[in-house]
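Before any comments, here is the structure.
Chain lettering (A, B, C and D) follows the sequence in which the chains are written, and residue indices restart at 1 in each chain.
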Amino acid sequence: MRTSRLEAFSDGVFAIAATLLVLELRVPADEPDLTHALLQLWPAYAAYLVSFLTIGIIWVNHHTLLEHCRRVDRRFLYLNLLLLVAVGIVPFPTSLVDRYIVSESGATAALVVYGLGGLLIAIGFAAVFFYATHDGRLVGDRVSARQIRADGMLFPIGLAAYSVGIALAFVAPLASLAVYGLTALFYALPLLPIADRR
Amino acid sequence: MRTSRLEAFSDGVFAIAATLLVLELRVPADEPDLTHALLQLWPAYAAYLVSFLTIGIIWVNHHTLLEHCRRVDRRFLYLNLLLLVAVGIVPFPTSLVDRYIVSESGATAALVVYGLGGLLIAIGFAAVFFYATHDGRLVGDRVSARQIRADGMLFPIGLAAYSVGIALAFVAPLASLAVYGLTALFYALPLLPIADRR
Amino acid sequence: MRTSRLEAFSDGVFAIAATLLVLELRVPADEPDLTHALLQLWPAYAAYLVSFLTIGIIWVNHHTLLEHCRRVDRRFLYLNLLLLVAVGIVPFPTSLVDRYIVSESGATAALVVYGLGGLLIAIGFAAVFFYATHDGRLVGDRVSARQIRADGMLFPIGLAAYSVGIALAFVAPLASLAVYGLTALFYALPLLPIADRR
Amino acid sequence: MRTSRLEAFSDGVFAIAATLLVLELRVPADEPDLTHALLQLWPAYAAYLVSFLTIGIIWVNHHTLLEHCRRVDRRFLYLNLLLLVAVGIVPFPTSLVDRYIVSESGATAALVVYGLGGLLIAIGFAAVFFYATHDGRLVGDRVSARQIRADGMLFPIGLAAYSVGIALAFVAPLASLAVYGLTALFYALPLLPIADRR
């Protein structure tokens, strides 16, 4: 089974989920002081940025994984579908963070849901990753066993990071959001050298 | 006529219809008890999951069918367009189920519309499938007559399942939604061995 | 310049414009009589169908044209962009027809705007078509001059049909919508034999 | 690393951001005088056109740049992701301009935000452009050093144009919008001869 159409469908979901995030950026119509309303919207800008980067960086990793796959099978398509279910849901926790991060009562719940969404993506990506790389099932010989082991170690770290973010949601909402942003960047940074090795 | 661009347009509609589903997941702004509001939203989560999986699994089957097609013709493009009309409408019955499954009066109507949407997709997919495979019109020799007959038997079962779901909507709304979810999984599960046969 | 990426961007706009149409299908939350509200929504179903088919059939024609192009140039990209501006706007007149076709005062204005949108698409497609086919600029030798002349005759007919629809909007709104639907089908039907000739 | 999937994801974001713009075109339901309401909507039509053309023309330039790239690396993917963050945000300033350009107090703030969005895109595109072309890093020999220098000079002009638009927002909002529209056209027009040279 070719990987090209799997990529087209996945890219569509990634791109749409990222671009739908902008629909959460809105001020009420006929706001008397627009400048003030725009400045008040900073949690929405932060959440847009964190969520867009999270989706974009997962996409880069998905792209890299599929480049190493010689083929995919139907079971891989279904695991990938579960990952896409998780990616497609991102605009929902993002909209919660937008609107509740500055509220007394709702910030914790919003950030817990955001962290659960992140955990879902991390678990979905881990499922796709380990299915594809286990015993070199779908991945060709080009990728060394050593690199796969190194990449595989990122998943427990990601799960731990989202868990820390969820715990922080109960005591320090803004710190929780910062942890989610750093987790996205963490998935981007350590993989940079891979580009050079190839 | 090449199949690649048909796939790109179809993948776009599948991916967008699936990703738009998330727009139905929303709590009212400034909800005093967000945790409670989020838990109340369980029908929306269930409907999101069922609809995303339905679209995703139809996509896998569409993908498989087109991989077997050596070429497509204009009549196939128009039948495929009717399938996409049905796929594109999914967010509408999903939003009805989200909001009415726990209501006294609306649950039946919402689930009937959901089932009609499912029937429409099943009929659209059957039209595309039988047009492509009849007398091996578009499908190459690689696919054995036996496998096409086996796949073709799935359609009457799907039509029956959606009909059962519509009937259940009048007596047991939650059972109806469960039938729709199982129908999606049914289209996924029996086809798994096919991946191994190839 | 390759045509593949032009197709990807165009397919994206076509697919998204078609799939966004579903967002106009909605009943107010907590409607006491959902069945009645769903039946009242028939103009929205009709408008969804007419607009989805219009976009889908324009897509088929766009697809056919680009298959005949050996290459595209930058001027073609800009003309194509103007066509996409017109295609992307379709959900707006569709939402007007949804909501105003049964109103005393608004039906005419809604259907005039719908017809203007159709004219814009017809003009945009004509611009792309004549630029590509004039003196065989981008189109290869495979396409006979006779077929291009035959296809080119469809444009004045389309412009006339949308003009008739706009005129009918002032006297018989439902007849106007029927004309728009038939225009979409008209673009589909006469081209069917072309598929056989190839 | 192949450029094809980068293009698919980018095309998705470009196409969706452009097509989501239509969601800002709306009149209130049951408007008594629809014709009047539609005419009042002219700022929304202007903003739709300017934003769609801006995204479309950036897409053409992105397309041209990637055609000259023999390969991309991971750092390029991340810079491209920042460009897409900026492109994906366009519907937000567009919706502000739609609703506030005719208001006493909000027009300046809306047009400043619009200009900042334009600056963000220009900076993002410049980052992608200079990373790819510096020392011929990703770009092959086909492109002459002279052409790259000519294209590179467009960026300071674009930054200056958006800065002028932001300054004009404080004194003449409509002139500011006109500058943004002309900036989009400016990116389209001077590059036209390139198509002929190739």
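Definition applied: contacts are C-beta pairs under 8 Å (C-beta built on N, C-alpha and C of every residue); 3 or more make two chains touch, one makes a residue touch a chain.
These numbers were taken from a predicted model, which means no experiment stands behind them.
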| item | value |
| --- | --- |
| Interface sides of chain B and chain C: same vs different residues, half threshold | different |
| Maximum centroid distance from chain A, chain identifier (CA atoms) | C |
| Between chain A and its twin chain B, rotation from the CA superposition, multiple of 5 degrees | 90 |
| Whole-Å gap separating chain B and chain C, where each centre is the average of the chain's CA atoms | 26 |
| Where chain A and chain C are represented by their mean Cα positions, the distance between them in whole Å | 36 |
| Chain A: positions in contact with at least two other chains | 8, 12, 16, 20, 23 |
| Interfacial residue positions of chain A with respect to chain B in the complex | 1-2, 5-6, 8-9, 12-13, 16-17, 20, 23, 73-75, 77-78, 81, 84-85, 88-92, 95-96, 99-100, 103, 105-106, 109-110, 113 |
| For the chain D and chain C complex, residues of the former touching the latter | 7-8, 11-12, 14-16, 18-23, 25-27, 29-35, 38, 48-49, 52-53, 56-57, 59-60, 63-64, 66-67, 188, 191-192, 194-196, 198 |
